[in-house]
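Naming follows writing order (A, B and C), and every chain is counted from residue 1.
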Amino acid sequence: MSCLHIKNLSVQFKTGRDTVFAVDRVSLDHTGGETLALMGETGCGKSVIANSIVRLLPENTSIKGEIFFKGRDLLKASERELNQIRGQEIAIVLQNPGLALNPIKKLGKQIAEPLVIHKKMPWKQAVSQAEQMMNQLRFTGLKEKIKAYPFQFSGGMNQRVIIASSMVLDPRVIIADEPTKGLDMEARKEVMRELADIKKRKGSSLLLITHDFDLSREIADRIAIMYAGEIMEIAQNKKYFKEPLHPYARALMQSLPENGFKPIPGPPVAMTDPPRGCKFHPRCPFRIKKCAGERPPEITINGRQVRCFLYA
Amino acid sequence: MKQKAPSRFKGLMKFDQEAGRFPASRAGMIVFMIFLFIALFAGILAPYGPNERFAPFESPSHSHFLGTNDMGHDILTELIYGSRVSLLVGILTACLATGLGLVIGLVSGYFRGITDEVLMAVTDIFLMIPRIPLVIICAVFLRSSYWLIILVLGLLWWTTTVRIVRSKVLQIREMGFIVSAETLGFSKFHILFSEILPNTVFVIIPKFMLTVASAMIAEASLSFLGLGDPSSKSWGMMIRYAFERGGFIRDMWWWYIPPGLCITVCVLSIVLMSFSLENSVDRFTDIFRGLIPSFTRMRRD
Amino acid sequence: MLPLCLMEIQDVSKTFRYGLIKRKGRSVFNNISLSIPSGGTVGITGKSGIGKTSLGKIAAGIIPPSKGHVLYKGKDIFKMQKAEWNTFRTKVQMMFQDPEGALNPMKTIGRQFNAVCRLMGEKDNNKACKRIQEVMDQTGLSDEILDRFPNELSGGQNQRVALGRVLLLEPEIIILDEPTSALDISVQAQILQLLKTIQQENRISYLYISHNKKLIEFMSDTIFSMDKDEQDSY
């Protein structure tokens, strides 16, 4: 089974006079067929990791580390090799996928496009294959939808269309970056159902980047929570939501509406000047002297991984 | 505590850095700076006084690098002093045209409704008026001078600026901070000039530059037609005199080609500068904002 | 002691008309009535697109209702004299969903605060600075943001700035239109706590608009739901 293996990934951006330390020595394993939710708040680096995998980062980026996919280090692959991989083997659905739809082209054609480009299929065949796939994914009233334009549908519908079109080449890994961002409750539910469906039918691996707790709870197998460019905890879905171990994960749960909106003290971390040692220590109620000096190691407890001295 | 001088300097350095991304623009900027420098320090740079007379119709030589004209004036001196007139007319016309266009565009775009309709109708009327013929007619009945050119061209050229400003204002007025400003209770006047205007800067500046360029060409054409001010010589006027007073016939290329070249090169440099501005608005936003004096420094000490 | 009723929305309806000749109407909502007491929070909830923002804007006096009245301290705001309107404008404020959108992208935060001070008629620089400092302390902002532009600040910081600006005017009512829905979860929790604290310290009434039921329940004393099947207050 395919497997994505990220080893010691560090990403930095230079903007003017500042350097943004977006990702700091992240290691992650994504096994085939599983849905891994990479969660965290704005600026924690989760989108950067997604973009690093398919190498869609801007020019002034320095990347260190390795990302193994099917035995190959993607960070050392050539642009041509990557073009082969992108779309066919690793599909990425970027933020605001609805915006990725060309408003003046019919939906059917846009879904069929990857087939025409990558598999060099003739248009008619591609469109009919796209139709078949849309059938599978429970798009009702198909005939009209294929011939329709994006603006005739809601945001949620367009989002689902993009996700569907990313499936058309049967990729091994799908990376979905904030697929429910900007959608209201109804549309969110639609997209959630869509992703859950894909997971069941295709058995592809899904790397879900999100800050939407409901989405992760619904469909993720494992949860990895990030803060300030580091992964703080990785755990099985049920175990994580029942009882998170890392102080940040705990504090974040307490901020949720169902737990009373209890705020985490202190300002969010500035990515241009992150704290030394444990990145969360200035805001942590359990901090000890060690936390300000050393970076906590990743500790394995009961099949989970936590980066905190509390569990050392 | 930020000092005022370094932050402005940094801003200009960044401008150069930014312009450097497009080598043509950097060249444009440097050339334009040279022309500005020449215009400002004409008195020091010119080899002779503007009214000093020598033997007429001389070819280029050691003492007269570009020879002399029919009145015996040194052509190089004329060229250098001419830069002042040409640039001044260009810049003042652009100021008038852009200023008018800015105000009308702001008012029209923000207030909309009947004000907008009326102002746009007026703009359309002005658009129909042919500029050069109007200047010619005015020049016939009034004393021809550069102020006439500046006034007439300025009062006719605001039309293109108005449309650009108006569409930008239509965009801006829908933005959240305008609604916020209205809710906070700011007067419409404040919103127009203090909130909306700074956001139109990146539309105005390239337009201003291009208007300077167009105005310089227009002035040169009008001077060549004999409608310029005979007392202060612009580059266009120099070409006119070369034509009128026998420079063309005598093949005195050193008389009419340098001013023509100057006009062309100067206009080109301005256009190239405005290209880089249009191409990287985001980066120039940072530079522009770096030039605004620090609030804390202003208020705290 | 009954709380003083600051604002009353009476039988307000809104229809948006479009089309040049045949002015077609799209009715957003009909006959909404509610009142905002002094110092309390009234929550407005409902699905997206149901007209909550329009109702908020009507209450803030930004757009007029098609039918009905909005009374501030007993007077209809759309029929007020200039002086009364100016007072209303100062005392009733609104905060919006997009934190960065509420601020002028070409002005530093310091200048934006200062502009509001001058609006209040504060000509003395020192007093203005003092007032700005007070408001920044209340909203948890540090000095260094004064020289920054809105796009250099985080969403949470921008929302604090927006709140600070509003507080400079010493309002009595703030209408909040989903102020935290664009923010991260932990930042949202911080802002909500801040809003509660400020409400107590400054004795301000809130009209809180959100589609999130749990949020509304957390923030409000009384809730008004605009969903068609639940149009009642509870």
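In the analysis below, a contact is a pair of C-beta atoms (placed from the backbone, for glycine too) under 8 Å apart; a residue touches a chain by one contact, two chains touch by 3 or more.
The model shown is predicted, which means the values in this text are computed figures rather than measured ones.
Undergrad: Counting one step for each move to a touching chain, how far apart are chain A and chain B?
TA: 2
Undergrad: Between A-C and B-C, which chain pair shares more contacting C-beta pairs?
TA: Here the pair linked by more C-beta pairs in contact is B-C.
Undergrad: Select the chain at the greatest separation from chain C, using centres from the mean of Cα atoms.
TA: Greatest centre separation from chain C goes to chain B.
Undergrad: Which whole number of Å gives the spacing of the CA centres of chain A and chain B?
TA: 51
Undergrad: Would you mind pulling out the distance in Å between where the CA atoms of chain A average out and where those of chain C do?
TA: Centre separation, chain A to chain C: 35 Å.
Undergrad: Rounded to a whole Å, what is the gap between the Cα centroids of chain B and chain C?
TA: Their C-alpha centroids are separated by 45 Å.
Undergrad: Where in chain A do residues touch two or more other chains at once?
TA: In chain A, no residue touches two or more other chains.
Undergrad: Given the complex with chain B, which residues does chain C contribute to the contact?
TA: Residues 60, 62, 86, 89-90, 93-94, 96, 98, 101-111, 114-116, 119, 125, 128-129, 143, 146-147, 149, 162, 165-166, 169 of chain C touch chain B in their complex.
Undergrad: In the complex, go through chain B and note every residue touching chain C.
TA: 2, 175-177, 179-186, 190, 194-195, 198-199, 201, 285, 289, 292, 294-296, 299-300
Undergrad: Would you tell me which residues of chain A are touching chain C in their complex?
TA: Its residues touching chain C are 41-43, 184-186, 211, 213, 251-252, 254-258, 260-264, 267-268.
Undergrad: Under the touch definition given earlier, write down the residues of chain C that touch chain A in their complex.
TA: Spelled out, the residues of chain C in touch with chain A are 47-49, 140, 154-156, 184-190, 192-193, 211-212, 214-215, 218.
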